[in-house]
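Next come two complexes, and both contain chain A; in the first it sits with chain B, in the second with chain C.
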Partner chain A sequence: MTPTERVEAALRALGPAAEGRRADPWNAFLDVDAAGARARAQAIEAEGPRGRPLHGLVVSVKDNLAVAGRRMTCGSRHLERYVAPYTATAVRRLEDAGAILLGKTNLDEFAAGSSGENSAFGPTRNPRDPERVPGGSSSGAAASVAAGVADVALGSDTGGSVRCPGAFCGVAALRPTRGLVSRHGLADLAMSLETPAPLARDVATLAAALAAISGPDPRDPTARRTLGTLDLAHGARGLRVGVLREYFEGVEPATERAVREALARLENAGATLVEVSVPETRDSLAAYYLVNYVEFASAMQRFDGFRFGTPAAAEGALEEAVAAGRASFGPEVRRRILLGTYASEQEHAARWYTTAVAARGRLAASFRRALAQVDLLAGPTMPFRAFRLGEKTDDPLAMYAADVLTVTANLADLPAGTVPVRAQGLPVGLQLLGRGGEDARVLEAMAEVERLEVEA
Partner chain B sequence: MSDGARIGLEIHAYLLTRAKMFCACDADALAATEANVHVCETCTGQPGAKPMAPNAAALAAGVRVARALGCALAPTTRFLRKHYFYPDLPSNYQRTSEPFATAGGLALADSFVRLREIHWEEDPGAYDLDAGTVDYDRSGLPLLEIVTEPDFRSPEDVRAFLQELAVVLRYLGVWREEAGVKADVNVSVAGGERAEVKNVSGFRAAERAAAAEIRRQLDMVARGERVPRETRGFDDATGETTRLRAKEEAMDYRFLPDPDLPPLGKLAALAPDEEAPLARRARLAALAGVPPQEANALVEERALADAFEAAAREADPKTAFAFVVRDLRADLAYRSTSLARSRVAAEDVAALVGALARGDVTPHAATRVLRQGLDEGGLREALAAERAAGLSAGDEVAAAARATVAEQGKAVADYRAGKQGALNFLVGQAMRRLRGRGRPDEVRAAVERALADAGA
Partner chain C sequence: MASDKVESVSVAEVRRLARAARLTLAPDEETRLARDLARILEAFSTLAPAEGGAPAPAAAPPREDLVAPAAPETVDRILAMVPRRSGRHTKVPRRGGA
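Right after this comes the complex of A and B.
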């Protein structure tokens, strides 16, 4: 298909949402730039590919990544009217690689969530089953790819926010090593945990997207890594894969079955499977959420109601005006800010935040030791498949528990990908974790898993 | 002092850099006539915007100042987020480094003031409370904060310290002097509580604020009142300090190491070693045979010190001192420039002073050469040209003297009548005839001979 044909097909799939008249069938998009996408498609068609690796691919961008001149709501009423004055580096690089930006996708408010139900603009639905959640927080991103609208989605992953929806919606996703992709332009949730992260239908497209967006950026001094060479035809021969024992605890039978069968196929193809244990995994949720809350409270400090198009701030003393200005946050955002503020106050910091940071260090060291024995670690991406809308919204802790298998990669700073494996009914994702900086190796293994799934 | 006054200072000085601390915006922002022109997404705290790596010139400047004040450098330092809500803060936290230097200090006439620590900070924006607007032009400008121990015993010492500090900052060329310094002046008397007088602008005001606060506290003590711990402001117009807020509960800033900025290590490598300004002042003063305070002019800028030191190798140090401190500085001031920014190098000055001292050029000619060098460059060539044109040969001088005596009948008559001023006049006229190219003593002798020959 030509770029123009791709764009028209995508807009057709969105229905009335393409002209902004109604939400698309999955409420995946918060903003669609039909005119811009069409113009861009025409322009690059006229120019020809010029060796640009993503030439003509349709891309969606999570609405916590800045695109100059377009709204960036972060899924929140607080930023309902905010228009970004600059473009995130990762987004700019997608465009430089020839991609066409279609629009901004729905997300849990300020990326705080694991189901896609925390958006102020309504939940996103899973294209594989509209009564079920797509996963979060990059809910619209995954849905846009699963629905066949976008070829590539740019999301963000703080504790599993592309891998969870990737697994629930049956698409490929990767959480890159910190520093591979610039965070300039990504609204902060937890700065030491997160990174922009791509999702795509297949691993080859995913890898091309990651290659395009990665690399050092003077606007983000923490972005210093490069991807290196990639050989997606590498195969499974000689691969040592550690199967994480703790990762199968409390996992529903259907998910475990699908994942173990996929691992067996990998073994048949030449990989060596080894059972590995990282007991600190059990502390990971507590450490993750404490670090998340504290950094989130700091990140959210800038939203005082005086700027960013927020509805008029109250008069009176500064504290009152700020409290009134921050009243437009949803309950999960408020919950995390309060907990983060508490955990970082002078009298509490040593007990909560410092302890969490220390636990994180121990966990990271454990994973490094495990990865010294094997090339990759493997397990399910999520403990269960996509649950029904509303099923877990009453219990925040139950929602947090969904993250148990994904947060470790962010805590230990490891590249981690999810690739869909054969399953009855709802999608199941196999998760692969690599050594820090070896994102290319993870992608290569994901490509092999994908090939085996298609082959059999 | 009998009143037991103890004063400590926290001094903020703007560093002279081309760009802001964490972004590439123009640091000449203080001169901006319009609001919000030198701004970007980073210094206005837009969602998603990240700080760039800290300004290298600001880091080098800090290390040089620390060394100049005899401080020890920390092995590593991190930037922290200091959280509080105020409209002038773009993100409602200020980025401030941990102390990167400790100990050291400055000697005053009869005391020594120790330093506690030095760290970097970024400036907030400028909040116009009446208009309800914020100007972010200055947001993100690099500041150095220098904290002293409460070693001052008198307000006069405060001013003397700041003046010595100014000598150091000027010499190093790291200070945005037109922005001055701001100081928080901490005062206590008779072992009582400490009050902080915040944000005092300028050396004289700091001295006056200290004096006013000591007076106020002594008055309270005399009345039997207890001095509370509080934060005060200084009103320059009335010369009094006024209460701002109670300092009993120190604000909890929830300091968090900024995850967006990698820690700084190897600070010593950020700037090459150099002779400390005050040590150089003492050495050059001894060389010139003047007391150290009179050598401040020599260390006004490093280039002047270099020029004097080089010139003192070519000529008598006193001659070199007079030329640099008087003639050179006057011509620089007239052109509103510094030696470093001019077209004249220290070695050029040395060559000129040497030629002058040897009598290769007359003072008039030397002035011409200097001014041409400053205005057009090429001082060495101009000097060579003057030398080549040479001084008037002996018979030229004699001829000029005879012609002058022949012309100036009235002056000759005055001379014969015993008016000594007449001889000076005649010498001046002869010099004019020679267009300044005569050695003064030679011209005088020639005029006296010519008068004698004419029978006077």
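Right after this comes the complex of A and C.
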């Protein structure tokens, strides 16, 4: 397909949403730039590929990443009228690599959610079953790829925010090591955990996208890593894979079966599987959420209606005006702000925040030890498949439990990818975790899993 | 490791936290959040405390927090990243109704 044909196919799939008249069938997009995408397609078609690795591919961008001149809502009413003054480095690099930006995608408000149901602009639906959640917080990103609208989606991953929706929607996604992708232009709300992260229709496209957006950036001093050499035809021979025992505890049988069958195929292709135990994994959910709450509550202070957000119409003291301006925050955002405020107060910090930081350190050390014995660690991405819309919205702990297998990568800062495996009915993702900085090794193994699954 | 202490968060405490966090809560929301916070903290109280209490302080004390002029080249490098500027001042969109 030519770039113009790709864009027209994407716009047809979106229906009236392409012209901004109403939501697309999955509520995946919050803003579609049809005219801009058409113009860009024509321009790059005239220029030719010029060796650009993403020439003519259609991309979507999560609405917590800045695109100059476009709205950037973070899924919140509070930022409904905010227009980004500049473009995030990762987005600019996608365009430099020849991609065509189609629009901004839906997300849980301020990336606080695991299902895609917390957006102020309505829940996203899973293209594989519209009665089920797509996963979050990069809900629209995964839906845009699963629906065949976008070839690549740029999301962000704080505790599994691309891997969860990737697994639920059946697309490939990778949480890079921090410092590989610039966070410039990301509305970062948990700065020790979060990084921009790509999703794509297949692993080769995912790898091309990551290669395009990675590398040092003077606008983000933490972005210092490079991807290094990548051989997607590397295969499984000689690969030592640690199968994480704790990652199968409490996992639904259909998910466990699909993941173990995929691992058996990897073993038949030449990989060596060894069982690995990291008991500290059982502390990961508590450690993750306590760290997240505190960082989130701190970062959310800038959304006060003055620095960012909707100014309050209320008269009176400054504090009252700020509180009135923040009245639009949704329930999960308010819950996290309160918990973060509580856990970081002087009288509570030692019991909650400091304990969580210490647990995070123990967990990271244990994962480093485990990864000294093997090349990669493996397990399911999610403990269950996509659940029904509304099934967990009244129970925050049940919702948090969905993240139990993904948060460890963020706490220990490991590259972690999800790749769809053969399963009956709803999609299942196999998760692979590598040593910090060895993102290329994770992609290579993901490519082999994908090849074996297609051939199976 | 399970905790033997049941966490409790009162409505008054939620109200105090909301004031500190600059949030306005409706009365029914205060009640619901008190229940949510207690339940979540109870679930997370299984987290084992750091051995010997809080982590030991760093071997070297943090440096003194002193105000010092930035090197001119640093200022220029930062200003070069500003999307819109006027001389050595940044330009931002007008905010509010004024």
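As a working rule, the second predicted complex is superposed on the first by the 450 of 456 C-alpha atoms of A that agree within 3 Å, B and C clash if a C-alpha of one lies under 4 Å from a C-alpha of the other, contacts with A are read in each partner's own complex, and residues count from 1 in each chain.
One rule holds for everything that comes next: a residue touches a chain if its C-beta (ideal position, glycine included) is under 8 Å from a C-beta of that chain, and two chains touch if they have at least 3 such contacts.
Not measured: the values here are computed from a predicted model.
K.L.:
Mind checking chain B and chain C on superposed chain A, clash or fit?
P.N.:
Aligned on chain A, chain C clashes with chain B.
K.L.:
Let me test your reading of the model: by the given contact rule, A:A43 touches which partner, first (chain B), second (chain C), both or neither?
P.N.:
Touch partners of A:A43: none, neither chain B nor chain C.
K.L.:
Considering only touches as defined above, state whether A:F306 meets chain B (first), chain C (second), both or neither.
P.N.:
Both chain B and chain C are touched by A:F306.
K.L.:
Applying the touch criterion given at the start, work out whether A:E295 contacts chain B, chain C, both or neither, answering first, second, both or neither.
P.N.:
Only chain B is touched by A:E295; chain C is not.
K.L.:
Does the superposition put A:D220 against chain B (first), chain C (second), both, or neither?
P.N.:
After superposition on chain A, A:D220 lies in contact with chain B alone.
K.L.:
If you stack the two complexes on chain A, which partner ends up touching A:A287: first (chain B), second (chain C), both, or neither?
P.N.:
Once the two structures are laid over each other on A, A:A287 reaches chain C alone.
K.L.:
Per the contact definition in the header, classify A:A365: touching chain B only (first), chain C only (second), both, or neither.
P.N.:
The answer is neither, since A:A365 touches no partner chain.
K.L.:
Based on the superposed arrangement, let me know which partner A:P85 touches: chain B (first), chain C (second), both, or neither?
P.N.:
Touch status of A:P85: both partners.
K.L.:
Just to be sure I read the superposition right, which of the two partners does A:L65 touch: chain B = first, chain C = second, or both, or neither?
P.N.:
Once the two structures are laid over each other on A, A:L65 reaches chain B alone.
K.L.:
Quick check on the superposed pair: does A:T341 touch chain B, chain C, both, or neither? Answer first, second, both or neither.
P.N.:
Once the two structures are laid over each other on A, A:T341 reaches both partners.
K.L.:
Enumerate the residues of chain A that count as touching chain B in its complex and touching chain C in the other.
P.N.:
The overlap between the chain B and chain C interfaces on chain A comprises residues 85-86, 218-219, 297, 301, 304, 306, 319, 322, 341, 345.
K.L.:
Along chain C, where are the residues that touch chain A in the complex?
P.N.:
Within the complex, chain C contacts chain A at residues 9, 13-14, 17-18, 20-25, 29, 33, 36-37, 39-41, 43-44, 46-50, 53-55, 81, 83-84, 93, 95-96.
K.L.:
If you look only at chain A, which of its residues touch chain C in the complex?
P.N.:
Going by the criterion above, the answer is residues 85-86, 218-219, 283, 285-287, 289-290, 297, 301, 304, 306, 311, 319, 322-324, 326-327, 329, 334-335, 337-339, 341-342, 345, 350-352, 354-359, 361, 396-397.
K.L.:
Chain B touches which residues of chain A in the complex?
P.N.:
The contact residues of chain A facing chain B are 64-66, 72, 74, 79, 82, 84-86, 88, 182-188, 191-192, 218-222, 294-295, 297-298, 301-302, 304, 306, 308, 318-319, 322, 341, 344-346, 349.
K.L.:
Can you tell me which positions in chain B touch chain A when the two form their complex?
P.N.:
40-42, 45-53, 81, 83, 85-87, 90-93, 252, 254, 256, 258-262
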